[in-house]
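Both complexes shown next keep subunit A, but they swap its partner, so subunit B is in the first and subunit C is in the second.
This part shows the complex of A and B:
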């Protein structure tokens, strides 16, 4: 990696803390990703992106800013990238996947806050996330109570925090609220960028984002093959890079990877032997570098074949379908698309478990691991009914609750291995 | 053929050898700071042809011997059948975790639940509480069984419960009654875990805590069903590992 010290200092990063973070990240990446066997060649691009995740990509953001484009950071799949691209902005997902500076975060947040929220604050207070520091606007969204209230504390720490309200029920009123919030967001984006959204710019933005989602959907479908052509860890990584990378370059790279995987499937080649136990992971999002659970799972002679998660199919499975040609009508179509997302903040939320069932069939999974972040009330609450419903239909489920620390790795490993032994005896 | 099973637990390491379906050798040792060394000492002098490891230290042994491993949960399910054919579920309270396992009609593990990552309500918890009250483990159970009523213990965290116990005794609470309170707390917490998965029927109680008569009696009351304790409840996992070695051979 080139020397980016000057850029990082200009962004106001704490260089010592940032170096420490990068060295842990690099070490973990080598141990977890580069040590895997039978990796597709196409993953080299994603290895490169990860090696430059705080370097070249940030340089690109800085170049975009120099050209007058705005960088919009967000923490959630309910924030429409289409609207950001339509004002020629750059959309980035913000870092919230590592246990960094939790002591700092706990000076503002209660201890029993989930790791994802603590991580966002740890990064901010430790000044180690260049994406956050490069963002002209940070978008918060009123999903769970933890995030909603924590944005009140994040507001004074960032340049421009914009909070988007969220419906909690899939009702007509709920949809109207979401649409109104997207309209309000358009106004905000137009104001900060000084650019008007037009039919052309919005159409083009929708096409770019649809193409990106189609590419990861293609990847998701290829994992139905036995043997799976790609590991769950690598597929998760692609879904994580989805939030950081330039969308067009990302789409091309995913298709190149998929071409290779298609070839593997034709030849019956895979990342592990045919007949390897196949699992789906369902639940909370896994932001970079939260790789603990998939690493523990896949080192137990298992291949993960799907993620029902915001960083996974919940974030990507719907495309925006044009229903009309005016800006207003396209915003309607975008609202329709996002209103499908079956996040556990909605009550009730029956389509989620139905889709997990569908995934187990499509991807020929033998079991589901339900992953909740400790203190994530919506997903923990939903885990029990999801488990009951799936077990009732004959699909074994293992419910796990964990955080970003490594101290419970041994106990998690025991549970995962026991679950796999349960599946194998069948 | 002699089939060995070794269970490297957080507090004790257990080694057994089976031959012709009979238990021919059994030995235990306290886990040291070097579990691998403890396991080696235990295996020294024991005669066996193949070995399977289980317990939290299983992968450590696998790394050195290249032996097969199985999780404790499967090991307990297999091991329970060595002692009894009519249990529907297993409760194992070991040194630092508690497991509740549901068995299917063939005696195979079906569902399971484990306690959270701290040692609340486990064997280690009992040890610390006994020490806080100035009892040996045997005296502790005996005192609780003899108590007329229980003093309620609210905290299940080993650290907080210790302070709670000290504060209760300094307020003049009878230590036998505090002892019963502690046992009740463990029994009700374990029963809660068990009720999540256990089908109706006899409960197989394993692990070091099963040696405690008071916990067994209270558990029977809480669960309203019979609880079976095998002759040596600590070696169930090791026996399960040996049975697995036999199955694989």
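This part shows the complex of A and C:
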């Protein structure tokens, strides 16, 4: 990696803390990703992206800003990337996947707050997230209580926090509220960028984002093969990079990877032996560099073949389908698309468990691990009904609740291994 | 109390569990309430209500049902009593204030769920809440994540669970959503009651509920006197009885109590000596029989002079003001009224802390105890900014987080006493 010290300084990063973070992350990446066997060649691109995640990519953001483009940071798949691209903005997911400076975060947040939220605050207060510091606007959203209320405390810490309201039910009124919020977001984007959304810019943006989604859908489908041509860790990484890479380059790189995986499937080659136990992971999002659970799972002679998660199929499985040609009509189509997302913040949320079932069938999974972040009430509350429903249809489920610390790794590993034993005896 | 065994049996109560509950409650009531010194005579009515809380009042509900009236149970101050009364229904608050059968509740709910929600499930699964069993419709509302998601699990356990959606922001779209939800609730009430809401029935209902609010407002204002003419425990009890007594009889009884308190104030008489330390309690609602914290506070040579809570001023301080004479216009006025409520589920929620300040001034309080139920994310998240804001204006704050168990009573008592010492030294 080149020397980015000057750029990081100018962004106001705490260089010492940031160096420490990068060093830990680099070590973890080597241990967890580079040590895997039978990795596809196509993952080299993603290894490179990761090695430059706080370097070259940030340089690109700074170059974009120098050209007058705006960087819009966000924490949630309900923030439409299409709208950001339509004002020639750059959409980036913000850091919330590592246990960094939780002591600092806990000076503002209650102890009983999920790790994802604590992480966002830890990075901000510790000044180690260049994405956050480079963002012209940070978009919050009223999804869960924790995020909704914590944005009130984040507001004074960032330049321009914009909060998007969210519906809680899939009703006509709920959809109307979301549509209204997306219109309000368009106005905000037009104001900060000084650019008007046009039919052309919006259509092109929808095409770019749809193409990205189609690429990861292609990847998702290839994992139905036995042996799976790619590890769950690598597939998760692709889904994580989805949030901050340049969208067109990302799409190309995923297709190149898929070409290779297709070849593997034809040849019956994979990351592990045919017949290896196959699991789906369902639940809370895993933001970079939250690789804790998949690492524990895949080191237990298991391959993860799908993620029912915002960083996974829940975030990407719907395309925006044009239903009309005006800007208003395209915004309506975008609203339709996002209103499908079956996040546990909705009540009731029956389509989520139905889709987990569908995934287990098409990906030939033998079990489901339900992953909840501690204190994430929506997913924890939903985990018990999801488990009951899946077990009723004969699908074994292991419910795990954890945080970003490594303290419970041994305990989780034991439970995962016992679950895998149960599946093998079936 | 008369023998209500037959009625309780017919309601499907678990008689053994219910007897045990009543015995514990009766004992607690005697210890906490009847042992107080200098109680107003007017509290005798409320003592009687409490002694018949599962008896005579339930008999009244059954008599109302026999006459074709519907009993509508709810858990939240966002459910408009006006609308229920306008179809000649009976509005009752449902049991959620005691630690009963939490083992049962935890078979459905995550351990990290607040006591209020666990209590509602414990009472239902233990079959000891005659209000719940007598309800023709149980109304849930999407306030916090915990309640929102737990209603999905309550639905199969009760006859007719009706869930009301809630806004999360005080925006035009938020108000529109609430208005729409109240209209939908009107349709539901008209359907189950077989009665149409008319201008007359709605006006009368608004007047009845406003009168009830005016009565408790009168009570709240009398507590500005030093010495306070009534204890915080007794005032809280009145605010708790607000939720399930006959509204007209309740209003009369509160006014009788207030007449007596006015006389006390004139004579300079009170429940404790002039100059006793005066506190406001702000935060989560205290449903009957949750008297734990006020009991600990008032046994520390302190008088509580106000509750900023849903069971307190937050629930009652606004009247519904007629702005037009049609049913639609009155529903608009009702929406306006309820949309004021500054519950921590809203983001941002600045008027709440402003009102706490106002209360401390008009009630001449020397400090504020912020009360959060453990795992109640909205109030816990809001407690730190509330504390900072109040301390900035010179008002000392003690933040407490607890549940319904008695396990931490000693620890809380120590912290309260230390806080009171701090106030006395000022």
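In this section, the second predicted complex is superposed on the first by the 426 of 426 C-alpha atoms of A that agree within 3 Å, B and C clash if a C-alpha of one lies under 4 Å from a C-alpha of the other, contacts with A are read in each partner's own complex, and residues count from 1 in each chain.
Methods note: a residue touches a chain if its C-beta (ideal position, glycine included) is under 8 Å from a C-beta of that chain, and two chains touch if they have at least 3 such contacts.
Quick caveat, the model's predicted, so the values are computed rather than measured.
*Asks:* In the superposed arrangement, does A:171 touch subunit B (first), subunit C (second), both or neither?
*Replies:* second
*Asks:* Should A:414 be classified as contacting the first partner (subunit B), the second (subunit C), both, or neither?
*Replies:* Touch status of A:414: first partner only.
*Asks:* Among the partners subunit B and subunit C, which is in contact with a greater number of residues of subunit A?
*Replies:* Per-residue touch count on subunit A favours C.
*Asks:* So in the superposed three-chain picture, is A:163 touching just subunit B, just subunit C, both, or none of them (first/second/both/neither)?
*Replies:* In the superposition, A:163 contacts subunit C only.
*Asks:* Quick check on the superposed pair: does A:345 touch subunit B, subunit C, both, or neither? Answer first, second, both or neither.
*Replies:* In the superposed model, A:345 contacts subunit C only, not subunit B.
*Asks:* By the touch definition at the top of the document, which applies to A:150: first (subunit B), second (subunit C), both, or neither?
*Replies:* A:150 contacts subunit C only, not subunit B.
*Asks:* Based on the superposed arrangement, let me know which partner A:353 touches: subunit B (first), subunit C (second), both, or neither?
*Replies:* neither
*Asks:* Could you list which residues of subunit A make contact with subunit B in one structure and with subunit C in the other?
*Replies:* Overlap of subunit B and subunit C footprints on subunit A: empty.
*Asks:* Okay, in this complex, where on subunit B does subunit A touch?
*Replies:* It comes out as residues 56, 59, 69-74, 97, 108-112, 114, 116-117.
*Asks:* Within their complex, state which residues of subunit C touch subunit A.
*Replies:* 108-110, 112-113, 142, 144-146, 148-153, 163, 165-169, 171, 173-174, 176-177, 180-181, 344-345, 347-349, 374-375, 377-378, 380-385
*Asks:* In their complex, what parts of subunit A are in touch with subunit B?
*Replies:* Answer in residue numbers: 391, 401, 407-408, 410-411, 413-415, 417-418, 421-422, 425.
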